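Input: structures, listed below.
Next, two complexes with chain A in common: one pairs it with chain B, the other with chain C.
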Partner chain A sequence: MATTTSSPPSDTSAPARPAGRSARRRGDGRFVLACLLPALVLFVLFMVVPTVNVFRMSFYTWSGFSPDMRFVGFDNFTQLFEDAQFVRAFQNTVALLVVVTVVTMGMGLFLAAIMTRQRLRGRNFYRFVLYVPNVLSVVVIAAIFSAIYDQQNGLLNGTLRLLSLDGLQQVWLGDQDIVLWSVAIAMVWQSLGYYMVLYMSSMASIPEELYEASGLDGASPTRQFFSITLPLIWQNLRTTLTFFVMSAVNLSFVLVRAMTGGGPDGSSEVLLSYMYKQAYTNSSYGYGMAIGVVIFAFSFLVSLLVSRATRREPLQF
Partner chain B sequence: MKESTRGALVVTARTLVAALCVVVVVAVRTTVGWGSLAIMLCALLVLLGVLASYNRRFH
Partner chain C sequence: MRRSLVLAGAAVTVLGLLTGCSAGGDGADSGKTTLSVAALEGGYGRDMYTQVIQAYEAAHPDVDVQLQISKSIEDEITPNMKAGRYPDVVVLGQGRKAALTETLVKDKALEDLTPVLQANVPGESQTVSAKLIDGIVGNLNTNPYGDDKTYLMPMYYAPTGLVYNKGLFEEKGWEVPATWDEMWALGDKAKKDGIALFTYPTAGYLDSFFFALLADVGGEQFYNDVMTYKQGVWQTPQAKQVLDIATKLLSYAAPTTVGYANEQDFTKNQQSILDNKALFMPNGTWIVGEMADAPREDGFAWGLTPLPAAGEGGKRYITTSVESVWVPGAAKNKDAAKDFVAYLYSDAAAKIFAQSNAIQPIKGIVDSLSGENAEFYKVYEDPSVTALVGGFASTAPVPGVDIKATLFDTANSVISGDKTQDQWQSALNDASEKLRQAGS
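And then the complex of A and B:
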């Protein structure tokens, strides 16, 4: 009885409900689209269009100012093969990428582990001191290091003179063999604190019981670091490593530009500074964009490889 | 060979290879040319390979 009386209303309402639901879903879709649209337009305008333009302009010869633009196909790219200065800039970029990444990540992890696991006196002060360079503008850091490296009145040569180590004095920003490493030290100093604080926050979230249990089993601090700390902060490490590869390329440009201008004799030139020089100083905009395409491909490839090499299942704790 | 000895040897080998790659990058940079650049890129690839081999057992 109950079924016969209740079935007609459900029959009449059954077709109305899906229609209402689909209308609501459509409305939701429109709302989501309306919310996404401003960001999407900005992304296309300021990311997609300029990137496509870089690729397009690399096939042209253009001074950057005149209305004459000539299509030259792959000529700009073939020119790169004969350009020794481009090769040198590429080598410098790879060298900085490898050395600065290894040193920064290694020291960042080491210092973060010490600050988190060892009960150091005044560790907040050390953390503050190491983090300060990240707050400073890169140009200010370049100015500080230019003062430190100054040949006559610099802190470095002055200290060496004070310690009667005159033989170790160098022209830190004027010697072709060491200028790049002088820039590398500034790069490490600038980024070390930031990555150390990032790793410290990850390490602080690891439960203390894991260390206590492993300590009872006789694990040394080194073993604890490699078997507990490193696996549990791996996702963070992976992300920072991928980001660092890209940011190292950008950071090297600003520091080289502000500290050495690519000199002496182009020995500290990196890819981005060489691209900038060609595009805006040498009025070879198309050639500069061809270098830009190489930088894009290189950064993309290295980031992809780093991401693939470090991929693993996230651990839950 | 004991498992712990083998593990220690693998870790030592990986560390040595990684250090060697960094040294190669630093040393080869002084010579400008496509050959040197290729060697540096190879060293970078080997470094990534070492990282991948360390990471493989956690997949």
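And then the complex of A and C:
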């Protein structure tokens, strides 16, 4: 391959040089294109085409199988806003997005700061323990939380009984006012370790001198956190915010499906689980795709807003 | 030269990737008909299918039957179906989450199987319809469009009613209630012993309860009106009475019911019957196998009863779940498929199925049963009890409207007090009206 790299031509005459170089450059371009082609084809085939199809299908009523699709324009979308169950699923998704993001980010930052700044004994062990939920499959997590939330012999109600706090016992997965928060707790538990490790890695790269210097100036650890740590990991924080939006949409679907099935009576339904129900169980594929478009637009918009709102001049150490 | 080699290499890679996506080639053309059969691996297991296919192939050497069987068979055959490669025979009932059968019914994409009924069972002298028990075909379950054409052949049938512990009733000296008044009296009596009258695994199991209750209260005509979304049917006094009874029964439900009524925990609701914490739950014959390894109280014995009669001496219906076998309209080997479907009702096949507790609706088969199955299928012998088959009629899909969810899942909200009976009734009326408009 050494001959194809651009070593300056040694014995060609001056007028021939530009032509030779451009021919070579064109050749390089072709080679790069050829290398990119397989990935490009796969990307278009499995990402672009289906996404375009989602948008196209949302204008049709179609059961999913039959050859007859009927174009209905924006009917699917107008119906969405009259569908109380859809509105509820939307509200639930937004609630989960806000609560899970705030709690996970707050706790993740706090734990990461403690683990990197305070020389905690056994911190590697804590890090391991907190990270483990992230590698578990969602079905396992659902089973674990089914054992925790069990209304009779569950860990949670059992502990409350032990502490003589019987009045605080709840039917965690059966009470329509609580069930969504039960799902939220499982989501936080699952993703906390992942974000903590992300934050820890960027905190570890902050030079120690900054802390020493500010310490000599009399800054407290809290002050150090807000004035040094937070501004310096800001870019990292922004990236994770986009992750939160995605996980609120995707992770909530798998957890809800495994833990509650959207119940009781639709009270823990989220956008994706409702889309699945409509597209498949209710044979309204076009309507499901309209929900898909709403999800796409919603997550896109939220990501954009969050990224705009948090834009800062990047700080260098 | 080298560049063209690289390009050619890239092209080959891309082509290789693309062809990798398409399915493998068809079997060799040896003159044999290849019949592809897809079946749901339900509680009955998969062995019975391989045995029946072996027996069929032995009798039909020119047919090669390919069996595809899975617990989520819809996920496996759907991608191929969308690509136009349909299985020839599918054994899959209605009421599954993926709703593949319902979707194809709504699309009118099933093959008319009425000729199979008139055909002789291969190797026997009787026709298929002569072997089937009375009343099992000709309802909305087999003739989904309400005409006289059969699209779904009844494969296995099982009574679903209220499941209870016979041992407990004997021990306490209680009678299984025959009317709702006796039911409420029993509920109050049991409450004193700390036993709840009622529970359900998940709200979806209430289908057997509601279908039978509708027919008990208003007769078969009323039941059919509800199932075909007759205008204003949910505002009739009969509908009110059905919801009255349901709401009252739900007020007797075990306090743990709603919290466990999800995919993850529903067996805990079923366990409360085994633990004598609840008296009745709607369920079917599969419960015996499903809870076979569960711990139970001493003297426990499974019992199954139809719902109490709506009035003194009233007719009682028992919802009968029927799994179906059907042929997609786009199948390649329809004739071979129909012959195979007819063979499924032969004595040889029925015997194999029955060994796995899969009971087909064939005359005389009940006499050969033993154990719990004999006990369960005995309910059909009571002259006041009639089998009730079917379910909501198919309409064009209506986005956002799922009347089954409205009828069953709302029970969770009624127990917890999040919805009232009036809200329930008006939601049902709305859903039914929307579906009626879509159907006509």
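Basically, the second predicted complex is superposed on the first by the 305 of 317 C-alpha atoms of A that agree within 3 Å, B and C clash if a C-alpha of one lies under 4 Å from a C-alpha of the other, contacts with A are read in each partner's own complex, and residues count from 1 in each chain.
By definition in this document, a residue touches a chain if its C-beta (ideal position, glycine included) is under 8 Å from a C-beta of that chain, and two chains touch if they have at least 3 such contacts.
Keep in mind that what you see is a predicted model, and the values were worked out from it rather than measured.
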- Identify whether chain B and chain C fit side by side or clash on chain A in the overlaid structures. fit
- Once the shared chain is lined up, is A:A95 touching chain B (first), chain C (second), both, or neither of them? first
- Pick one for A:R311: touches chain B only (first), chain C only (second), both, or neither. first
- Have a look at where A:S247 lands relative to chain B and chain C in the superposition and call it first, second, both or neither. neither
- A:S303 contacts which: chain B (first), chain C (second), both, neither? neither
- Message: Using C-alpha centres only, what angle sits at chain A with arms pointing to chain B and chain C? Round to the nearest 10 degrees.
- Response: 110
- Query: Which partner reaches more residues of chain A, chain B or chain C?
  - Reply: C
- Query: What is the contact status of A:Q169 with respect to chain B (first) and chain C (second): first, second, both, or neither?
  - Reply: neither
- Query: Which of the two partners, first being chain B and second being chain C, lies in contact with A:N236: first, second, both, or neither?
  - Reply: neither
- First, second, both or neither for A:S214, with chain B first and chain C second: neither
- Task: Determine, under the contact definition given at the top, whether A:R30 touches first (chain B), second (chain C), both, or neither.
- Result: second
- Message: With both complexes superposed on chain A, which partner does A:N134 reach: first (chain B), second (chain C), both or neither?
- Response: neither
- Just how close are chain B and chain C at their nearest CA atoms in the overlay, in Å? 11
- Using the superposition described at the top, list the residues of chain A that contact chain B and also contact chain C. none
- Item | Partner chain B, residues of chain A touching it in the complex | 81, 84, 87-88, 90-92, 94-95, 97-99, 102, 177, 180, 231, 234, 302, 305-306, 308-313
- Complex contacts: residues of chain A adjacent to chain C: 4, 27, 30-31, 34-35, 37-38, 41-42, 61, 63-66, 76, 79-80, 82-83, 85-86, 142-143, 146, 150-152, 171-176, 258-261, 263-267, 277-278, 280-284, 286-287
- In the complex with chain A, residue positions of chain B that touch it: 18, 21-22, 25-26, 28-30, 32-34, 36-37, 40-41, 43-45, 47-49, 51-52, 55, 58-59
- Query: Residues of chain C touching chain A in their complex?
  - Reply: 2-3, 6-7, 10, 13-14, 17-18, 81-82, 97-99, 102-104, 106-109, 202-203, 256-265, 268, 397-402, 405, 409-413, 416, 418-419
